[in-house]
């Protein structure tokens, strides 16, 4: 916006509008891009809290280089609640998400609906987590969340390729079933272009993310782990993705949201935990805090220090 | 085993270890710069053919040596183009060039000399003749060391000493020069070298060319030192043994000397099953001795005797971040 | 159908061979190749001699690997070559299965007996020739130690070694014969590096005359012996010229004659076993300008006398392959 | 990297690579003073000009299908198995042991048993490099190279010391019983009308075709194949999806080794009828060229194997009827590997020059 004189907006493969930069505003551009007025704030009602879904106690993660990344954290998430983890990138949020999602080793206790999860053994993998009802939208979708050379339909089965619905018999997979399923998911999540056989790398970032979200959310998981849901995603998709996450929470599921976008954390979360240097510095109610306070926590300054 | 027999076997060891040592050091430069090179075998073979052919035609072994180096260099450059410029798969490129070398050397030698893919036998000035080191006779009176000096160290072709000299030179280049520092860095973390404003491409090409040079000397020694002429597939897997030695040596020059001497010793020992039988009383099958370098390398690779960690960026083409 | 096919096949072959008429003889050289300066080269020389004398042409093929033998044989027979001559015992097994498939083609195999109605087997009394060069080695040796370097460790090569050792002991009963084999696979026929190293090892054990019966490997033996300033003995072909004045003699195995004869007989090749020994000039020792200075009159007289006795049946040299034992040497 | 239409990537890139290899080979032939067109004519006549030629071309192709598939399966798991040669030789040992173990009454019984023997031995020879790669991170390329040499030494030892019949001089096993003779194409009803004479191509060809189909099913229709491909594309992503790297590495290499080992029913059982030294004759290495040329797809592998069968039989004919050494085929093989495997970016860039203007115009 600072360097252009005119801005053209493309939507669904067509040039839809061209405006003078000085005559427009970000809001107007956003509106032009998605074709309707963007909700600047996420519309969500008050949380209907249920039982405790996820309990984490004294979780510690040591990485391959023997550096302790997560230094003994504890928290809970209830059904119908979005817990947002705020923090500057590299303070242990990624490791937390990955360990809960089933890769990497950790010590401590993690319980899902009261049942303890394996953090070190053979059941500590993505497959076992999914079987237990934990869905995971990873932070780095191009690197972890999908196989870029695989077609969209193959990515829809990614991680769920053992699902009985995707099998023809005990030997062969039912590719037609997956294709059919993908078509539905693409429609419901408004993936463009809605071509299941297109390679993942041919989709835009936002549409890639929608494919992943469709895959994970439509499983109706007990707990959704979601990292950087809207990083590198176009503005129309952001709104859509946020809406879907809130819908899941309203359906009585627990959501653990990790994001470095403070705006996103503030508007989506029911509760915010701030991580710094592998520890949780504090929890805040999004309605009763502000960016300054969170920013200080993210820098490792607790309320007491500030005072 | 009596001392005379041991000396004879060690004397063989020196000769048999020389091409291994040269090829091993050759591989060291390339792999330290982050370019895997399975093609040592092919480069040696090409060099052996060029040396054999040119030495036979000119009667001058030194011109033959230059031709051998040139032949090896051609293959080194193709490997460089494939793996550096076009960022191709270095392993596949190496494998491919070995096949090309294996075939084309026979074609060339056959069309030049029509002797079934051999070059004519070399003699006189067309070969590397033994050099007597000074005082070899005078010192031979000294017990143990005297005969060792005369029998084992003295009396080899010039390239044996070139190979031995290449070890400290390589060590010095690698650890005491700026080029060596950069070379090691580019094999570990090319991005940091690039950030420092040094051309990754040029460094890697330089390394690959040094590899070509050393493989050229190794091949020339095969054709005009160890043997008297080029014969089909005459390197007989020595390029791969050198590769094994390189892993065994954990990509270090002095270790490379020891590894190649060890493997050369196995080769020398494999020639004398009678000696083995006499000294340890067991009839060790010769194939077992032939396979020993490979078995040992697998053991090292498996991490049972120390860990062999290759240069971190090895095998990865460097793509400049934009 | 068969007739028809044969006709078509013949037409195709004609078109293909561009000039080479059918029923040309063919020769297949064993691993090591026709320029091994030894066994195969002797066969090659025989073929060339025939070609020069008759102005005829022949097909030739060099083996590249063990597994190709059958294809090579079949291809030549299929193309109409007749007779097909092959050098080396290793063809024996394959020939046994191929010969019955081509009853109209004649085959000749050297160094092996194959009992088929269309196969001529040529074997040599190498032990007799080796005995003669063994005598010469013993007489030329100053140290009383002589060496033998064989190619592949098989009974055939032990036959060479045994005859050689007997010849040595006949002259010097207390002489030492150092025996080494290059390997256990056909690669042993073509490993000059190993040959050279073995020769150097034998020299360090005191040997000053070394007999190489090792095909292409022998080139390395002769080279190393010349480098080290000791004498060597060549095999099969006359190898005296390789290092004039440094090759004592060569044990001639007239493979060239065998090939020449087979080619000359052509399609009328007589099947059966043909044993070539001293008596019918199948084996012998080489004497020419290159080694004239090395072979003394005494040597020549002694060897010729022994040869006469063997021919006359007064002296029998032990053949290792008859009972797999050797009175004069241990393996 | 230049982006090409899919068909260009699948069809044109290998064809251009082949063309480049052909041009360079032609130059080589010219350089040694021979005529490339004459050479090609001899190759075509010798390899596909008669049922006899086809008999050999298909025989070689059969072997190359197996080794090509072996390399393909490993490639999909991002493992470069250079050990096909050693695995094929060990497979040969397995086949030979099975064939020699019992007086087999009929080939229909001997074949399945020999297939199991060959596959098991081939897989076993791949197992150690696979384990070292999966568990200890030893580079599979280096370990499989080492295992090729160890296999050669082991086989020489076993042939010379144990399998060689007492009276025999060559390092080869005894001949297998008549009950293990596989029918050649000449003996198969229907085909015998075409192949009127003994040819080495045998029923193994049909096993190879079946293997193509099974490998295709495995890779694109089973969960295991899905996991292999996903793992090969991205190890971290595979981990995210709960795919176990050790398991996939092991299984992919075991299948690869088994396929390479299976090749031996063609040459050891079908052709020579005994185990020879170096029975695989480099087919394990040709598998690399075949897999690269065939774009790692069983159909492509099949076509590339026929092509290399042609090259091998044609090359043998060259060695027979012209003064061009048989080694020419090694050169072509190397060049094909070089262009399809290492210089494919260059080939793509060349092709990209043709495709870019069109794309811009559209």
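Residue numbering begins at 1 within each chain, and the chains themselves are lettered A, B, C and D in the order written.
In this section, a residue touches a chain if its C-beta (ideal position, glycine included) is under 8 Å from a C-beta of that chain, and two chains touch if they have at least 3 such contacts.
The model shown is predicted, which means the values in this text are computed figures rather than measured ones.
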item	value
Far-end chain from subunit B, centres as C-alpha averages	A
Pair of chains ranked first by number of touching C-beta pairs	B-D
Averaged-CA centre spacing for the pair subunit C and subunit B, given as whole angstrom	35
For subunit A paired with subunit D, centre-to-centre distance based on mean C-alpha positions, whole Å	46
Between subunit A and subunit B, centroid-to-centroid distance (C-alpha), Å	54
Computed distance of Cα centres, subunit D from subunit B, in Å	30
Of all residues in subunit C, the ones touching two or more other chains	62, 184
Subunit D: positions in contact with at least two other chains	156, 160
Where subunit A touches two or more other chains, by residue	none
Chain contact topology (line, ring, star, complete or other)	other
Touch list for subunit C against partner subunit D, complex	1-2, 5, 8-9, 12, 15-18, 20, 59, 61-62, 64-68, 70-72, 74-76, 78, 89-90, 92-93, 97, 101, 152, 154-156, 184-186
Parts of subunit C lying in touch with subunit B, wherever the complex brings them together	33-35, 62, 180, 183-184, 190-194, 196-198, 200-201, 204-205, 216, 219-220, 223, 227, 242
Subunit B to subunit C touching residues, read off their complex	4-5, 7-9, 11-12, 15-16, 115-118, 121, 130, 226-228, 231-232, 234, 236, 268, 271-272, 274, 286-287
Touching residues (chain side subunit D, partner subunit C) in the complex	42, 45-46, 49-50, 52, 56, 156, 160, 168-172, 175, 196-198, 200, 267, 271-274, 276-279, 281, 316-317, 319-321, 326
Complex contact set, residues of subunit D against subunit A	217, 220-223, 226-227, 229-230, 233-234, 236-237, 239-244
